[in-house]
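In the two complexes below, subunit A is the common chain; its partner is subunit B in one and subunit C in the other.
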Partner chain A sequence: MQNPTPRQHWMSILARAPRAQLCALYRPEPDTEFELIRAPETGLTQVRARSGGTGAQFNLGDMTLTRCVVRSPAGHLGYAFVAGRDRQQARLAAELDALLQESARQTQLLSDIIEPLARQQSAARSARDAEADSTKVDFFTLVRGED
Partner chain B sequence: MSSDTLIRGFDDSVHDSQQCFRQILRAMSEPGTQVQLCSPATPEGLAPASFALCQTLLDSDTRLWLSPEFDRPGIERNLRFHCGLSLTGQREEAHFALARQGELQTLEGFGRGSPEYPETGMTLLLEVSLEGPRSSHCLTLSGPGIDGERQIYVSGLTGPVLDELLNRQDSFPQGIDLMLIDQHQLICIPRTTRVSSCLSTAATEVR
Partner chain C sequence: MYVAVKGGEKAIENAHQRLAERRRGDRAQPELSVVQIEQQMPFAVARVMTEGSICDPTLAALAIKQAGGDLVEAIFLLRAYRTTLSRFCSSLPLDTTAMQVNRRISAIYKDLPGGQRLGPTFDYSHRLLDFSLMAAADDSWAQGPAPVGADEARAEAADPETLSRVLQILEREDLIVTEQDDGAAPADITRDPPSFPCNRSARLQSLVRGDEGFLLALGYSTQRGYGRNHPFAGEIRVGEVEVLIAPEELGFAVSIGDIEVTECELVNGFTHGADEDARFTRGYGLTFGYAERKAMSMALVDRALQADDYDEERSSPAQQEEFVLAHCDNVEAAGFVSHLKLPHYVDFQSELELLRKLRTAGAPQEIPA
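What follows is the complex of A and B.
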């Protein structure tokens, strides 16, 4: 996907954030009443992939997914789809998605929650890449002196 | 809040739809029995029992035909969101149809199943008024699931629907199943039920 919209960006960050991190960064204000449009529910979804990233599509397998939709007091609909079966995580992510759509709070929330999460996630990703890189084997062949 | 906003569905989709399903099963197996169906909120213009019924019975494998009265953005959006169903404009394709009393001028075109697959016949959800003896039609039901006879009062059935009920063609097991809905109430008249008109309204029913 090229150039995700700002909302796609924060939704993808929220979807990857574990509950402990969400709870640490986000405390719902007591007077904010969210309406549950779709209560958190867990189901299966089929993951599709392309062989080699560009080839023919195939079904990689099924994964567990929890989804939730809430409406904020300002009337914004917040959607969340998270991997696994943590309902609370899905609910928090949906609430944040709804709040982030309010232009008045967006900047604050982006810098307080989304950016720290994004930094953590990219750090974790590069650490994992580095770990994988250390096991990488470079094959090389000696050039035979034929010319 | 505009009329096409999303509203909340069942609080607990698994248990709430199981409870609704139990009620629908009872209404279907004991034709003429009134049961209650509830959903926390209802799209504007739709009866609560209709919305509960749709959330319980419809999913991506069922096609719903909406009558012009119900073919509105608010109802359509909420049904798509909560049931994941597909809507159809073709009567022949519909597994379920939703209409209001007085709207259906003909039942032509709705599927009645085939002799090999009678279960593919259409189920008609009809919003009517199920009031007491003063309403216009008193129907006597008998057949499977009914000990003797049972009487129900319905108003606003159009000629073709009444005709379908009273003069069922001898095409069993093919046919149309009818679900009558009034706010939270549901009464079912499956195709196995024999229906006749009471001799007259009101007067003869006073005991």
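What follows is the complex of A and C.
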């Protein structure tokens, strides 16, 4: 995604955070009661692509997707749309999306949860890039003839 | 006359039990876990996801385990499961240009921006059985040497570039037909079965779900002269792409995760219309997971099926749209072939009786059509 808004950024980080990581970083305060607007539910999204990568759209197939909506005590609606079938992950991501919209908490949550996750995800990405780069072909030409 | 026959419940129950035992094998051996299949059979998982039409490696691995490794059966299981889930939305079209590339090769330009990255590939391996894999607990990779040059590569990879598309080099010089986005909503053959002739979006969707072996054979037939289309592997890339959806209730796009895909772009023989300059043509293949042979086969057949667009005579099987698309789905094909195992006792009796009558009548034996 190009130039994501702050909310698009944290939602994208949360969608890629496995449940175990979310549980390790986020423990809701005991007095925080979230209202469940839409219970975590697993379904599909059609995945679209383009012919030739850039042309007209076609349907490639489906992928699993889990969604959840909660309302925080402060009244913010937290949404989660995460690839896969982990309902608990979707629930936690939705709660965090709601809390992150509270300006009083945002800075703290960003530095405690979103930034560490973003660093891990970016490191994993760099490691994958490095692996691919190690298979980059260096061509060399054998010089023939007199000059 | 229809005669209802009941029976065999006990036999069927026991047959299920025998199948479970056959799948489990020798109980002295540890049972395969779904996560082992997901992690250690990535190519089987990719095929089942692509043809089963759900990108979810864990579900594909479960289907493979349940099917005892019969991939067509696993594809069937995944398709059946698909029907139990509701579809929330459609994604925005994948941006494969922005792919985080794990493998990227081109057979038409040696030196191209970003270079050739082989990634994990069978291409350069000797097809000799590796008996070291038979060792009981193979953890040799853990102690093995780091790949040569991996550290330097890691240092260089600090700012990964987006690899431009190879075919754009030809597009810039107007030497290849360009892919036009007419903005039309794509067909969905899972909701509306295709009627022939169908458009390219329905064709591509059918081909993604189509049987790899069938498409491989058809693609091969074009190379051997049955609908020749002079293909070059313009670019093949394997890697992760971001999936974005735009839920109505939010009003903006959200990223739901990354999926691995394989993309193949073929550059095919050139053609020209009445008053147009000659241009190369193209075929496109895209799959879930790492499924290079399938993506290439799909691209070959995609190009063969564009015969009408370039006023080519449809003379070979791979160019016959209805023949290809109506027979490429292995769930449908396996279903119809399997139905031969259902009781045909009455049908067969009537055939048998007819044959006997013909023989006894002594008359000329004209065989009914």
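As a working rule, the second predicted complex is superposed on the first by the 129 of 147 C-alpha atoms of A that agree within 3 Å, B and C clash if a C-alpha of one lies under 4 Å from a C-alpha of the other, contacts with A are read in each partner's own complex, and residues count from 1 in each chain.
By definition in this document, a contact is a pair of C-beta atoms (placed from the backbone, for glycine too) under 8 Å apart; a residue touches a chain by one contact, two chains touch by 3 or more.
Predicted, not measured: the structure shown is a model, and the values here were computed from it.
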Could you check whether subunit B and subunit C clash or fit when both are placed on subunit A? fit
Which partner, subunit B or subunit C, is in contact with more residues of subunit A? C
Who does A:39 touch here: subunit B (first), subunit C (second), both, or neither? first
Please work out whether A:19 is in contact with subunit B alone, subunit C alone, both, or neither, and reply first, second, both or neither. neither
Tell me the angle subtended at the Cα centre of subunit A by the Cα centres of subunit B and subunit C, rounded to the nearest 10 °. 80
In the overlaid three-chain picture, which partner chain does A:5 touch, first (subunit B) or second (subunit C), both, or neither? second
Name the contact category of A:75: first (subunit B only), second (subunit C only), both, or neither. first
Is A:87 touching the first partner subunit B, the second partner subunit C, both, or neither of them? neither
Per the contact definition in the header, classify A:105: touching subunit B only (first), subunit C only (second), both, or neither. neither
Overlay on shared chain A, then closest C-alpha pair between subunit B and subunit C (Å): 7
Share the list of subunit A residues that count as touching for subunit B in one structure and for subunit C in the other. 69
List the residues on subunit C that touch subunit A in their complex, please. 49-50, 53-56, 58-59, 82, 85-94, 96-97, 100-103, 110-111, 115-120, 147-150, 153-154, 156-158, 160, 165, 167, 178-190, 200-202, 204-205, 208-209, 239-240, 242-245, 247, 249-250, 252-259, 261, 263, 265, 282, 284, 286, 288
For a test of understanding, state which residues of subunit B touch subunit A in their complex under the given definition. 1, 5-14, 81-82
Tell me, which parts of subunit A touch subunit B in their complex? 35-39, 41, 69, 71, 75, 77
Partner subunit C, residues of subunit A touching it in the complex: 1, 4-5, 7-8, 11-12, 15-16, 42-65, 67, 69, 79, 81-85, 125-137, 139
